[in-house]
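Next up, some structures in structure tokens.
Two complexes follow with chain A in common, the first pairing it with chain B and the second with chain C.
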Partner chain A sequence: MNTKQQNDVETIDMATDIAVIGGGYVGLKAASQISENGYNVILAPHNDTDVNFSRLNVPSTEIDRLKALEKEVADNTNVEILPASTLVEATGVPGNFTLKFLSADTVVEKKAGAVVVASDTAVNPLNHIYGLNPAANVVSLSELENLLASEETKKEIQTGEKTVAFLVGFAHEGSPVLMKRILNSVSEIVGLDGCSAYVYVNNIKVADDGLERLYKQCRDNGAIYFKLEKAPTVKQENESLTVSFHDPVIRKDIELNPDIIVYEESLTADEANLCLAETLRIDLGPMGFLQKENVHRLPVSSNREGIFVVGSARDVQSLSKSFADVDNMVLRVKQLIGDGTKSIPAKAVVDREKCTICLTCYRCCPHGAISWDDKAIISSVACQGCGICASECPMDAIQLVDFTDDEMADRIKEAAAVTAANTPKIVAFCCQNSAYEAGLAAKAFNYELPAGLQLIKVPCAGKIDIHYILDALVEGADGVLVLACHHGNCKSESGNTYAQWRINDAYRKLAQVGIEKDRLEFATLASNMASGFARIVIDMEKRIGQKKD
Partner chain B sequence: MEPKNVMIIGGGIAGMTAAWELAEAGLNVDLVEKSGFLGGHAIQYTCKATSECLQCGACSVEKMLKDVVGNNKINVHLSTEIESIEKNNGYSIKLNKTAAFIDAQKCTNCGICYDKLKENNVILQGYSKNNMPLYAVNACKIDENKIALKDVCPEGAISVSDKASSEDLTADAVVVATGFTPFDPNRKSVYGYDKFPNVISGLDLERIKRQNGFLARPSDGAPAQKIAFIQCVGSRDENLGNLWCSQVCCPYALRTAESLKHKNPDLDITVFYMDIQNTGKSFPAFYETCKNDIRFIRSIPVDIFPIENGNLNMRLFDEAQGTPIMEPFDLVVLSIGIMPNSENEKLSAQMDIALDEDGFFKNSDDLNKTSTSNDGMFIAGTAQGPKNIAASMAHAGQAASGVLKYLGVTK
Partner chain C sequence: MIVAERKPFDEIKESIQDYKKVLVVGCGTCVAVCLTGGEKEVGVLSAELKLSQKAESAPAVFGEATVQRQCDFEFLDEIKDIVGEYDALLSMACGAGIQFLAERYPEIPVFPAVDTTFIGVNKDVGWYEERCRACGSCALAMTGGICPVTMCAKSLFNGPCGGTNQGSCEINKDQPCAWYMIHERLSKQGRLDNIMKICPPNDWRNQTPQTLIQPGYEERIESSK
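This part shows the complex of A and B:
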């Protein structure tokens, strides 16, 4: 079927309300920035969080600005706030999401063009790792920050000429965000006359602006650091505290009796992320944060168009980096929603005669682009054109506009027909995001390539049908290469995995008809691997060439 | 309304990202790059994948470069520097283009000029096929090679004139994305970078990997077997007054080591460090893998001596013994840090925006590190301070967002 005629440009009305989930400062900033760009905002804070400014690493001069931001959003008539709300259902496609929130015990339904997730991090005290019980002289970092924030308790520390021991980086790796808070507290302690600070630390995480300088300042002001590979032994008997360890520098066992022990905390992903990922059908990444670390996407984008993740929703981040996320998200929202109408050509079309709504496509689409009425429907806005659905559809009911099966069949026939004297014919199916680029680069840099090599561009390795592979061999190719992105580097998340499965299937089929396994090879590449590409194709040429001799 | 014009100074990953974002938003962009190639330092890095992607981001630079050269709203000025910039109801800029350059319209990327003139670095080769043209004339070598340059190209694509040419531009806003200068390893003379061929920098390692497809020792071209990475070369160095962490070198060394080890599990790799910095949100799991594959020694080596066969003896502090010991390696990689661009003082005076105490461009707002004291000017990427590729892109996006806000471009 030639689907080119159906390739009409569709004009779509995009809802210009944007939903922001999470009401911390990053959520507020998102609401403010989106509204400033002319869109209405539905702000859905989880609950009223108790804000601790020192936890945000914000200089005191900035606190007033954050308070002003709260007021600005509260007063903004273009921002509708759904207090204490939880997202319970999300359907639809970018430009037209339907969201149901449970807000103050009632279900509220909202339309939104895009969704921004700005969940917070959770704070976990880690005293149990050190066998410590919280007490007046055994406090978490947050508690110390509170003590230092109040003039009264700060004075108590000072007049008591307290020795404060910090335990850092043994219970978990930590981050520059936490390290900045620790160093700020250390700095305050050593700034109090008569007080001293001992910091027991594993890796000092100084990979952010100003931290190395702050670390040095603390040292210059008398803070003492013991850099240890293993946590010191800590004893808490009534009010007496003992910290003992082996000092690797002077190579001696040392014992100290601090007045106060400050144990570390971890910042972990919001537990709500799990439900949000499921409801919004976006990927959960490492450590419970939203979004996989896929370098093919801009930092705030998720696997679904129109759903963005900012700030602590995607990683432990400082407030300034989270605000940078917000600005980047606004760029993406403007690019997607524009002024509310979008003209977009379809990338994939469903043959409604063939579709039996088995929903294989719905399940395999990594971008949540497929819905259905009496047949499957592919959203032009959400579709990224990878073609996984087209290859997985058992009825062959889906065609990619730029890579129809007919065109692919012609291309395979053409490629397998090209002959070069006395050299094997190799057909390489190349993902356009990686191997195809690498192949063109290998040519541009004049790498030695097999004379009988033909590249066939595919939108994603997930589009490579088992038929393509078998057809290429039937049409006369001596070898077939399937070249995909590295695991974790597929723009469509799972296209390379589908390709690998199909290759394994193809191996079984080839074995049945007695074709050698090494005529078919699967390999992964990145777009900048010109020499890697050359090596793979040359290796195959040598291997098959020897067979031919 | 007429689309606004923005000038971006610097064509590295930050400058390219800002240019692309602004072009996507409908603005006209002039992207000015001093060297003959877009991509800056970021395009020079090779893929670090093992059996899986390690998120180094090098391929995202490749993609951004492709998008930038394919965008007709971005006017790229290669081999061009800023002569002067004046603020008057927008900005009036004078550009200075080198006396010899390759005309992208005529160049077929055949590589003949490079083959003939690469010996003395007269013609340089780009890092990506998306560097268009793929070759550039080395500005430092023009004067003594004018005659050779005139006739080398069969297409007549190399233009040689007696003088640099100038061009006038106007812009409504400016993005400063002038990047960084890598630390000069010769300043740490104890490591003998200029004396021992098998002491290389991370950037050298990238070049060697790209040229050979594997890590060949400069002295004899043999594959390196026992490799040391020395971290914090130039960064976190009180004696040098460099009180900052370069933020990229730990991820760089760890990913490189893992990637080398994946190709050759027999390699013996040691990382000498002060504190290991995180690589990303999967760091805890990744670090555990690294600890299994790599030997970590928490001490920065004292110095390096040559021994037979180009090998190197390293003097380091043995914690168990409490004494210095010598250990041989056949290749030493210096993880050189991110320093402020060596031209920052000149650029700062030219553009009337301040530098911070470390010599990077100073942001005027701690909650928006792209802001400057000069209203229509924004900083992007490592010009503001050390950043990895992803962070540079995010920072550049924020700068683009700032430009749009400044120019009143909403939906």
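This part shows the complex of A and C:
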């Protein structure tokens, strides 16, 4: 163990330039607000935008504000814009990222203290699901929004006293973000004298501020909703449109002939996310968004410190929620970068004599905190102190400052040595974020707990080395519990997974040495599960107590 | 790197059953990198051995030591003060390291705890693939950097054979045909004429133990004799 480095507080110079990837409304907002807070911005709009900035998916009511923002950012001397760029390489650590962009066929290298990913969502028309061909009277939601945004085309709709049919939620599940846009359009249509709106809808997604009200308001103003379980049959013959369906309320087959059909669109993650995730070494979440379903990532964190994901980069989000993300991101950037220097104690240190640079730590670190020169280097800023690396290192060359192997060995020895008359000795390795709290709560609430139970606190279940588990049994424990956070709830994303893998490995080893499998158990808990904790430990006591008799 | 895998536990246990004081010796280079015989594995193996002897009335004592490389006398010397306390050594190094440990401490029985499997590459943590058989006459220049000795089931120097099957080897559909891969690689590099050249047969001198002296060090070795 490298004791020299222990407890050393490192002072680190943090680059005060912040890179913003994505030139949509949210990206521009991010650039503007970061700059307002005194940092320089490198703004890298996507290479697939025709102009510098993307107006994709921006409601027509916002266009004027967006234009003003575009101008403000373009005129801001503290914002450097790399037009039509793609991130091709990212190395380094928070406070000192080196980013290479391919911008207008040249590779541009930039230093950045933090990276903000603000990719847009992709908009996908779903007309094919309804068997419709886009036409003047068969339009997507976005096209209708554009028609309504222009006074001229809006007037055309009004003077034609058009009946507009909306097809909603049969081609995909939909979301409140889309529902709001649909209802806004419905509201506009019914607001035009002589026009009417039919809304053929599956599930009405109103789980957002004011949506229930908007839905009712449209209904009160004359919009007719047909709440159907399956899509109506739609016929498009030249200019004539027919929508037929079975109305479940009046229990009759109905046929209507709208003048315009509006088909729905889906919002999906930007395809660029895949490359961004790989290049930035951040986790790709569900549906191609850049945030895993993990409560610890909310609102704007990725699995790597200093790389933030905002707006549509992390989920389908309304503009107001995306702007809230930007506010949160700015707070996080200020917290991380501050005035450009940061004093931070090391959480994990590498014994450079022992390190054999096998790259196991680099490959296992869920926070991308490890790089190397001729030996492994752990960034104090990026490291979250989970200890996955330390438990995977084949040379025991990595030590967590607060949980060294020597201290853990002493603690295991001590715990396994405690005896209570006629009861089994149980050593429970508990993640401090969940099971340890649950254990303390179980004690505080006076749950019945085994007399021979000893808790050993670990920073994350990922720190529970297979060696610790075997050691506890060697030192005399009758049973060992490994208690981790629930799946998807690990602060370090995969600490619980690593713990589970090691338990499975330990089972194989125990079988070989002739120790019963039920002396070792893996379970997941949340910090508020005091009774769950008590049940797990009591069950183990009963199980192995019987063997002892 | 040299890749090794842990021997079955029962085999290890049986090999050292007559000894009461055993030093488990790890190696901090290749076998550490392939997660088989570094300091961590030394600790894990000795914990397993201790557990398996728990029920015994007089369990054996297991010590632990890991040196930088067991294929260097200088590093093996580092344990000279402690080996005397043990009546057997259990080496977790590759076959070369195990033999060198036995050579350095000839009076103490040395047992292998790992099987040396191949010279390979690291695909991911815990995942290795063979790439080299140490045949002693490298043909990679002609074969576009793909070794026919290792990757071809017949170790053909002039392939493919009739068993090549749309990119796969006749022995197994999941086994790519080495000569197909060689053809594709050379074709991409515009060096396909290489495949028409006759690759001379291997020099199988390596069937007897070999010695290598780097040309620049011949005089040094000579003078020390």
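Quick notes on this structure:
The criterion applied here is as follows: the second predicted complex is superposed on the first by the 523 of 549 C-alpha atoms of A that agree within 3 Å, B and C clash if a C-alpha of one lies under 4 Å from a C-alpha of the other, contacts with A are read in each partner's own complex, and residues count from 1 in each chain.
Definition applied: a residue touches a chain if its C-beta (ideal position, glycine included) is under 8 Å from a C-beta of that chain, and two chains touch if they have at least 3 such contacts.
What you are looking at is a predicted structure, and each value in this text was computed from that prediction instead of being measured.
After superposition onto chain A, partners chain B and chain C are found to sit side by side with no clash. Look at A:360: by the touch rule set out above, it reaches chain C but stays clear of chain B. In the superposition on chain A, contact is made by A:319 with chain B only, not with chain C. When the two structures are aligned on the shared chain, A:526 is found in touch with chain B, with no touch to chain C. In the superposition on chain A, no contact is made by A:517 with either chain B or chain C.
When the two complexes are overlaid on their common chain A, residue A:71 makes contact with neither chain B nor chain C.
Contacts of A:352 after superposition on the shared chain: neither chain B nor chain C is touched.
Contacts of A:473 after superposition: chain C is touched, whereas chain B is not reached. Of the two partner chains placed by the overlay, neither chain B nor chain C lies in contact with A:128.
Contacts of A:155 after superposition on the shared chain: neither chain B nor chain C is touched. Between chain B and chain C, the partner in contact with more residues of chain A is B. Draw one line from the C-alpha centre of chain A to that of chain B and another to that of chain C; the angle between them is 130°, to the nearest 10.
Here the smallest spacing between CA atoms of chain B and those of chain C, following superposition, is 25 Å. Shared contact residues of chain A with chain B and chain C: none.
Those residues of chain C that touch chain A in the complex are listed here as 8-10, 28-29, 32-33, 35, 38-41, 43-44, 47-52, 54, 66, 122, 124-125. Interface of chain A with chain B (complex): residues 16, 36-39, 58-59, 62, 65, 172-173, 175-176, 203-213, 216, 227, 229, 248, 251, 285-287, 289, 293, 295-296, 298-300, 314-316, 319-321, 323-325, 327-328, 330-331, 334-335, 337-339, 433-434, 437, 440-441, 443-446, 485-489, 524, 526-532, 535.
For chain A in complex with chain C, the residues that touch the partner chain are 354, 356, 358-360, 363-364, 392-397, 465-467, 470-471, 473-474, 509-510, 512-515.
Chain contact summary for the complex, chain B toward chain A: residues 21, 24-25, 46-47, 49, 51-53, 55-63, 66, 109, 111, 125, 128-129, 134, 210, 212-213, 235-236, 238, 243-245, 247, 250, 274-278, 280-285, 287, 298, 319, 322, 366-370, 385-386, 390-391, 393-395, 397-398, 400-402, 404-405, 410-411.
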